[in-house]
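Common to both upcoming complexes is chain A, partnered first by chain B, then by chain C.
And now, the complex of A and B:
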């Protein structure tokens, strides 16, 4: 194995084949990242970028707790969203892969349709539904509930609802795929070994879904820290999250260096959390390697 | 040894929708026996195994293990253990965790599990260093041993094997067949082995149960199945054979009297011990195994003889196989020991003889 890797670095043909991907990664990922990093050492004055090469922006970032409160709130919302999505997605995916095998394709098409409908549209749809004079209150009032029972629009709860709604399919599909890939005889083997349905689920199905749960979690977490639509439309912009803060810094305040710094902080923290969980949950073992 | 059957299957039927997978199967297995369920795919052998294991419930009929009716008892609570076709080793557990899993479910103390796992490892001749590895890191044969160890650790009364050797290459298959035989002898557990490989069944089993279309065609010792097949299907399934049509003129307690257009014979009678019970007057088949033929030179005689033209030769190591065409245009399979001399050449007109003591007369399929 080591020899094979050694060879790759010297083999001109292999290096040539890697060229397109190297070029793409460099121009579209690495270069912008480096440019963003360079930007954080500059300043703005009178809405103009000044090439100063100092640490003003960074001292600003680290001295104002406001930014970190928003970051903390963002991370909390993203992690809560991950937990809710996984808890909701698991039974859906399990049912899809086992009980509703006959109409599995129809359900998948419906989920996909909902998924590819523009998120802005769906998010505003929720406003109409949750509004004081919206569909939900109308419905509940007619069912005999007190008026205005649904009154959480423009709170964090509404933001969370929107996030879960928009991100749930990622968890459903990743978990569905891992359940669908489980060899049916593994479950039979667990029963045969003396496991109850619950035990077979706990000892075999769930651990084997771990890669799917993990993939869904990472996707939702990374997308969740980047949401700006839901807090703005459903949360009413009252408690902004990082993505909105970054947008404002770039667009409204025209402070590009600060925006760049906040972007990097968000990225580094998010990646750090993913790596931390990877290590904590022992996801390396989930690859069932040697 | 207990004389009452450990496994008693009575008129078990199983239908999936309109498809009748088992059409009334009855089978009784003795304590410590090695029984093989054999048949082509779709014959119901795996379905039967699933009913015994408790993964499915029969549509009708009863399955008793040690006299206890298994109806409504889930797989987890049956004294059976299955070795799956694709082994079904848990990929997220190490070899030790896999083998110890049945005991872990029975809330056995960890020390005892460890001791029992080590016992199983020794029994299956697996190296202890494998214990902490994942199944994927093991070779096919080693995985097979792990699967067997996992099935044996809970000391089942019945070990059910669902074609576990079918995916292995020929050489490894032979090794593991010997291993299975050894294991069966050493632990004394009753084995029910499903296979489509009759040679494997003949090698391993005390009794063979040949199935087709959801029914048992024949149940008997390997020699019974080989030398005294119940019908042409069993005869052909066991290996290449020659079924020569004869016409039974009379049947009585002493045997049959027959006539045949092509067979030249010294007597036209066959004693009762070489005739299947259900053969009556009318068309019947005389089974002659390929190895029974010998070439008759001029002046040589045998109980029976037939004229044929050699069409092909296959040298198969220790034996030579021939194809020949008889006067009725029927293909004959012939197997002769020894390659040093090739007594027949393609195109050659030969007279083939055989002794009557080795034949078997059976009923044709459609009568």
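And now, the complex of A and C:
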């Protein structure tokens, strides 16, 4: 329905509808972000905030490689998580949109419920499953495997498992929507032109659901750089990621300015990478077109 | 290879992957449910016996009951407010043309792509500084505000899909027949948008009910179910925590099933 109505900002109808969101997100999202930025120019002494207006925190951030190693590790984990999620989500989304008609709704309910269930609970469940004395080893031992075969809890692998587990539904939903929107006649046309199923898939379906894959990747990447529960609970806190470092800076060291600076660095770098990839993929597409 | 053989092969692969992924999704959930029936004191296998003992214990544990109560209050208030704000924003973002519309859409939807923990921290800084100036502490109210900031964009996106399929001439028709603004909302706009608003509300409730990151940052010393369970995540803790987890699954299962059944029934009526 493309019958949008022209409105001026003074129109009470528009104000009534748009103002609550504008006020909410300005006072409780934009203003806090600006405040975070301002805080990075202050200092803490004796666990108290001092309004000093200098660059101590920023020189600290840029002179300690420790912070940047953690950031690099975080970005690597987030990107690996994006790749795994997209590869796993594609067949599911494709099947949901085209094949599983008979049980489509049941599968959707199952995925939605698993998605909407609190991440803390599910992460706890994984700990109980993967623990040395947990369910996995118990089951494998009964099947005749040697004892303690599942022993990767408290490593990066367990962190990755948790991240993929918690973020995979985002990829499934976005890719599903984009495949669902593809005009079926385009694929039938490819068959008429003699394409095999795989060929049609490769040359028609895949390029057409690029927006969905892209949206899913961006979402997962941005959420992935901010994970805290998985490295702490499943990774055992051994190789910390940025979010945990930030959390510690606030909680244990009570250094708000430093925490604020690290938050901003993480956000800026993450957004920059998204923009960089957008640019690169955009150029690639233009290259193919000519 | 002919089309039928290819088709069969694709089916086998897709159904196989689907089954594996569903298994993957439900491993931790079933593990938790299973452990909640452990009779012994510790979360280790093999079980000493199967019992409902820890469910009984749950109803005598004041901390757990408090957390349950806090979760419910926060989720109810956040659902109502976030759904209302999201619905209004969806109408503005889809139906109207105005200057700065793209900016409005970006602002109203921004928290969607912001990591929750960082949103929580940024808000914690904000409320701590404001709290120092105006003399208040973080607690129930700040947690509710945080949830509303995070959930309104979700509500907006869900309702926007419904608004997009909505024929605005219906509102004009009602107005031509002499209906006032309020009557148009009451008898035309809201009933037509109701399916979207209803799904948004269910989604909002579940997002708030299960929220860990924002509550963890903003609730002060107050505990909700997710933060209460976080404090008990350890293999050494008692089966009380899996029991709470299992209780928490129930509203989720009911609401998700309810939403899906309603959508199906509507689809059948239309089809």
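Here is the rule we use: the second predicted complex is superposed on the first by the 257 of 290 C-alpha atoms of A that agree within 3 Å, B and C clash if a C-alpha of one lies under 4 Å from a C-alpha of the other, contacts with A are read in each partner's own complex, and residues count from 1 in each chain.
The rule is simple: a residue touches a chain if its C-beta (ideal position, glycine included) is under 8 Å from a C-beta of that chain, and two chains touch if they have at least 3 such contacts.
None of the values given here were measured: they were computed from a predicted structure.
Using the contact criterion defined above for the overlaid structures, shared-chain residue A:145 touches neither chain B nor chain C, since it reaches no partner. In the superposition on chain A, A:127 makes contact with chain C only, not with chain B.
Of the two partner chains placed around the shared chain by superposition, chain C is the only one that A:30 touches, whereas chain B remains out of contact. Looking at the shared chain after the overlay, A:188 reaches chain B, while chain C stays out of its contact range. In the superposed model, A:204 lies in contact with chain B only, and not with chain C. Of the two partners chain B and chain C, it is C that touches the larger number of chain A residues.
In the superposed pair of complexes, A:226 makes contact with chain C only, with no contact to chain B. Of the two partner chains placed around the shared chain by superposition, chain B and chain C are both touched by A:196. On chain A, the patch touched by chain B and the patch touched by chain C overlap at residues 191, 196. Against chain A, the residues of chain C that register as touching in their complex are 1, 3, 6-7, 10-11, 13-15, 17-18, 21-22, 24-32, 34-35, 43-46, 84-86, 88-89, 91-100, 104, 107-108, 110-111, 113-119, 121-126, 128-129, 145-146, 148-149, 152, 156, 164-169, 203, 206-207, 209-213, 225-227, 229-230, 233-235, 241-242, 245, 248-249, 252-253, 256-257, 260, 264. Those residues of chain B lying in contact with chain A across their complex are 53-55, 74-77, 80-82, 84-86, 88, 90-92, 101-102, 105-106, 133-134, 136-137, 150, 154. Against chain B, in their complex, chain A makes its touches with residues 183, 185-186, 188-196, 199, 203-204, 207-208, 210, 285-286, 288-290.
In the complex of the two chains, the chain A residues touching chain C come out as 1, 3-9, 11, 13-14, 16-18, 20-22, 24-26, 28-33, 35-36, 39, 88, 91-92, 94-95, 99-100, 105, 107-114, 116-129, 131, 133-135, 138, 165, 168, 191, 196-198, 218-219, 222-223, 225-229, 233, 243, 246-247, 250, 256, 259-260, 263, 266-267.
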